[in-house]
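Please find the structures below.
One chain, chain A, links the two complexes that follow: it is found with chain B in the first and with chain C in the second.
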Partner chain A sequence: MTQFLSLLLNGISLGAIYALIALGFVVIFKASEVVSFTHGSLLLLGAYSIARLSEPLGFYLAVVVGVAITAFAAFLIERLIINRLRGAPVISLAIVTIGVDIILLTELIRRIGSDILNVPHPWGGGSVRIGDVGISENRLIATLVAGVLIALFFLAFKFSNWGVAMRASAEDGETAALMGIRLGRVSVLAWVIAGVLAGVAALFLVGSPTPGVSPTAYSVALRAFPAAILGGLDSTGGALVGGLLIGLAESFAAGYQDQLLFLGRGFGDVVPYIVMIAVLLFRPSGLFGTRELTRV
Partner chain B sequence: MKLRQGSRGAAALAVVVVAAAAGCSTKAPESSGGGGGGDAADVQTDVGVEGETIRLGVLTDLTGVFAALGKDITNANTLFWEENQVCDTYTVELDVQDTGYVPQQGVQLYSGMKDSILAMQQTIGSPINTALAPEYEADQIVNFPSAWSKTLTEIPGTGVVGATYDVEIANGYDYLFQEGLLAEGDTVGHIYFEGEYGANGLAGTQAVAEEMDLEVIEAQIKATDQDMSAQITQFAAAGVDLIALTVAPGQTASVATVAEAQGLDVPILGSNPVFAPGLLQGPAANWLKSHLYVASPVSSFDAHPELLEQYKEAYPEATVSLGVVVGFGMSELMKQVLDAACENGDLTRQGVVDAFDQLEEVDTGGLVVPIRGFELGQSPSLESFVLQPADVEGGATVAAEAFEGQFAEKIAG
Partner chain C sequence: MLSIDDLHVTYGGAVQAVRGVSMAVPDGEVVAVLGSNGAGKSTLLRAISGTLRLHRGRIDSGSIRFGATDLAGRDPAQTVRMGLVQVPEGRRIFGRLTVEENLRAGGMASRDKAAKARAQDRVYDLFPVLRERSSQRGALLSGGEQQMLAIGRALMASPKLLLLDEPSLGLAPRIIGQIGQVIAEINRQGTSVLLVEQNATMALGVAHLAYVLDVGEVSLSGEARELARTDEVQRLYLGHDGHENDGGDGAPRRRAASGRTLSRWVQ
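And then the complex of A and B:
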């Protein structure tokens, strides 16, 4: 039972971080119809900036500046590339984001090298015990912060002008533009929000129980992809559920590796993708995605 | 190349190149001054020896994921050859190339350098060594990899610098049994990378488990997995008495923090690549210092303060890791091979391979564990050091000097 609860808690905390990243994918997709592959390197940029700036600026200021740098990078990508290519086929835009991702990632890997950069979280490697179950303070705080951020996001999405504008432009871009909604502004704001979410996710992702900033942090963003897809790429609520599902599936598959041995070793790594494929087979638009209706 | 009359150096080079192209060996031209104890005139040479200069290749990683380690090893190689000569006659020049840890890049760079080098001082990484194995064999290249997988011992001319991972971790187990940190019939949880490195480490655990009736819980991970929570939770539920690791430093840090969080207070035993001094700056530092034991082919800087001083003087900016000791150790091994070849009067590639094959009972002055010789498919050494993390230069101190554990010989074959 202890093992089950530990894995459950671990899965939820991991899922919360995935949800933050997946939400970024979804926001960008809704606002600009671009599937953004730049998230891995944006995540790493955030983690790298926070780690490097912690010494001169102190932890909290470094977090603010690090998240701002990530958001600014997302802003630049949107303004300099995505915005100028408006009207290009969405598949081309997706490929362009892969290119941007590779350029940014290569530079970051070169800078990080084989070092493991430590982010001096004030809560360090401490842990909290709830009965027999232990969870790192970092993950606990991550879950809470992710919860608050996601709640704030949903409120803004529902009630703010930007939220209404974004929902309108996602629903029907042309009509929204005719109604005076500036699609460019909606798009750039979406990218900035996605950047902020990636920066915050990065802050917690490189803390205990993961070792610090190393190039492999990049691969986590790839796991958030199936989370966004299975939730429905245009559904913000779906990103949350998808993130949690993937986090839990991964945690249980790795923790019960021995019981799942008949499926082969290393099964935990493929679980996110198996869950995604299974969901898409039954619901091609994802759990909460909008079904495409085509009149024939 | 243009030959000018009276240009002795160019003529000498031409002779060497022509000879190399013809696939036969020739005598090096008479040395034109300098020179120490050896007599270059009596030594046969072919590729990679020009006058009294030997060229060795280095395929390292200066910009990829193993950049810090690559820099340390390569700097140590360079420093060693600045101060040493082959049979007191030949100076050694290194052709250092950066693969960025990309095998394809490594293969290309090798094809660019292969006609000008005698042997490979260093090739970093199992994948690149494996990719180049057929060429090294065809070109009769003696090579020292900075990896310890058993498969590398099956490449002719390639000299793994110490015990292979299976023998190494078995020696670690022996130390733990001796210290009373592990007992017969205990349960061990082993986290290992998929691929040759992890499989070879796990093979060591399995061999020891068979002898000592240990129960082994295996957890295979990918190099990109950073969070070890699920694996340690599984181990805690199974009540393991030891965590064994054949992973990279990142996972070691995660294992330590999660074990601490879950109160899994058991020793951690690792293969030599699991530790890096950078881990002692992170939150896992204290747990690692009190729980981690690393089986290693090299000693720490305790035993070699002069090396540390020399290195820091030459490279004051660098953070020093034990890669420096590995670098000096592999250069010392290369020196012994080349010295032997030179004494045999044959510094051709074939001559160097012969000298390499004949090498026995090599002592590197305590830098690397004693090497019994390089036989195909066998661990070159049966011994390992056991290190523990500590707040010293290089990040570790010696817990046990080089020793041969009770399981080593059986595993090594």
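And then the complex of A and C:
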């Protein structure tokens, strides 16, 4: 039972981080109809920047600057590439983002080399006990911060002018433009928000129990893709649920791997994709993907 | 207020949709543009609003001026900020947004909160049903209510000139009559209107001036009342037989659909 609760708590905390990444992914898709594969390298960029800047700037300032750098990179990708390719087929845009991702990733790997950079989180590698259940301090803080950010995001999405403009242009871009909504601005803002979310996720992904910044952080970030897809690519609520589902599935698969040995070692790494495929087989547009609501 | 001079528009570099159209919307008036499918009516509105690019179309020559400003090359967000707002064909309301959010989306171009509050009051006064349904999703409204929402949404930007693309499309005759009254009321409140329609009865009923477009060219133009009496308009757009029905007020006689007669739109 204790093991179950512990895996549950760890799954939720991991899922909250995935949800941050997946939210950005979904927001970009809604605002600019781009399936953006740049998220893995953006995340690594955030982690790398925070780790490198921690020494000269101190931890907290490094976090602020690192997150800003990630957001700025997203801004540049939108302005210099995506915005100029408006009207290009969705598939071409997706491939373009894969290209950008590989370029950025290659450069980051070259810079990181064979080191494992450490982010000196002030909360260190210790863990907290809640009753019998243990969780790393880093993951606990991650869950709280992600929870606050996600709540803020949903409030803004529901009530702010940006949220209304965003939802209107996601539903019908041409009409939104006819109403005076600047599609370019909606799109670039979505990329910046996604960049910020990825930067924050990066901060926590490279802390305990994960050992520092290394290119493997990239493959961890990739698991947010199935989270976004299984939730429904155009559903922000779906990104949250998808993130949690993937986090839980991964946590349980890793925790019970002795019982799951017949499936082979490392099952935890592939389980996000298996969950995604299973969900899509039953709901092709994801759990909360759009089924048009119209009266005929 | 709005003047179009010798406008030529092509799509994909090949298809000529508008060929040498000139027209004017005087300040404070309602101007109707009639024409059948493919006459170039929607293209004209796209050229004015700046959405041609989204349809791979472009202005080859000619000019569109709003007051002293040339509209060529402006994007839709800019034209809205200048006071030209379009109600697109087929209503195109945001079905997943509530009625109130739809109106909010319409007011997005302005930062003036007081003006937006006034505009919203005006919309709710014009269409009380929208106030009742303000928290419902747009997709759940009836066709007529959706058209009212589409018009209300455009009014949120407090336009100087309202462009309407076939507001009668797919609506019951009684509702079309209401839409006609609303257009007249909006105009009375000081907004000029460019009304593109296939429903000539309604359009000529509210318009001061009218143009008839035929395959991308203006084939007739003049005062709406005069135009309604001409043989050609009677025959093609009102479904009357012009010779027998010499401006009389008797019951309009229907003609069997033949050739270019738009009997479908006769009420």
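Simple rule for what comes next: the second predicted complex is superposed on the first by the 291 of 296 C-alpha atoms of A that agree within 3 Å, B and C clash if a C-alpha of one lies under 4 Å from a C-alpha of the other, contacts with A are read in each partner's own complex, and residues count from 1 in each chain.
Here, a contact is a pair of C-beta atoms (placed from the backbone, for glycine too) under 8 Å apart; a residue touches a chain by one contact, two chains touch by 3 or more.
Please read these numbers as outputs of a predicted model, since none were measured by experiment.
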item	value
Clash-or-fit label for the pair chain B, chain C on chain A	fit
Touched partner set for A:Ala165, first chain B, second chain C, both or neither	second
First, second, both or neither for A:Ser251, with chain B first and chain C second	first
Partner chain in contact with A:Ser136 - chain B first, chain C second, else both or neither	first
Partner chain in contact with A:Arg265 - chain B first, chain C second, else both or neither	first
Touched partner set for A:Leu7, first chain B, second chain C, both or neither	first
Between chain B and chain C, more extensive residue contact with chain A	B
Which superposed partner A:Gly24 touches (first chain B, second chain C, both, neither)	neither
Chain B versus chain C as contact partner of A:Gly212, first or second or both or neither	first
Chain B versus chain C - smallest C-alpha distance in the overlay, whole Å	40
Intersection of the chain A residues that touch chain B with those that touch chain C	none
Residues of chain A that touch chain B when the two form their complex	2-3, 6-7, 10, 14, 109-110, 113-116, 118, 121, 124-127, 129, 134-136, 208-212, 214-217, 219-220, 250-258, 265-266, 268-269
In the complex with chain A, residue positions of chain B that touch it	61, 63-70, 194, 217-231, 233-234, 236-237, 249-254, 257-258, 260-263, 276, 278-279, 281-284, 287
Of chain A, residues touching chain C in the complex	87, 161, 164-165, 167-168, 171-172, 174-182, 292-295
Chain A partner contacts - residues on chain C that touch it in the complex	49, 51, 54, 75-77, 80-81, 85-86, 88, 92, 94-97, 101-102, 104-106, 108-109, 137, 139-142, 153-154, 157
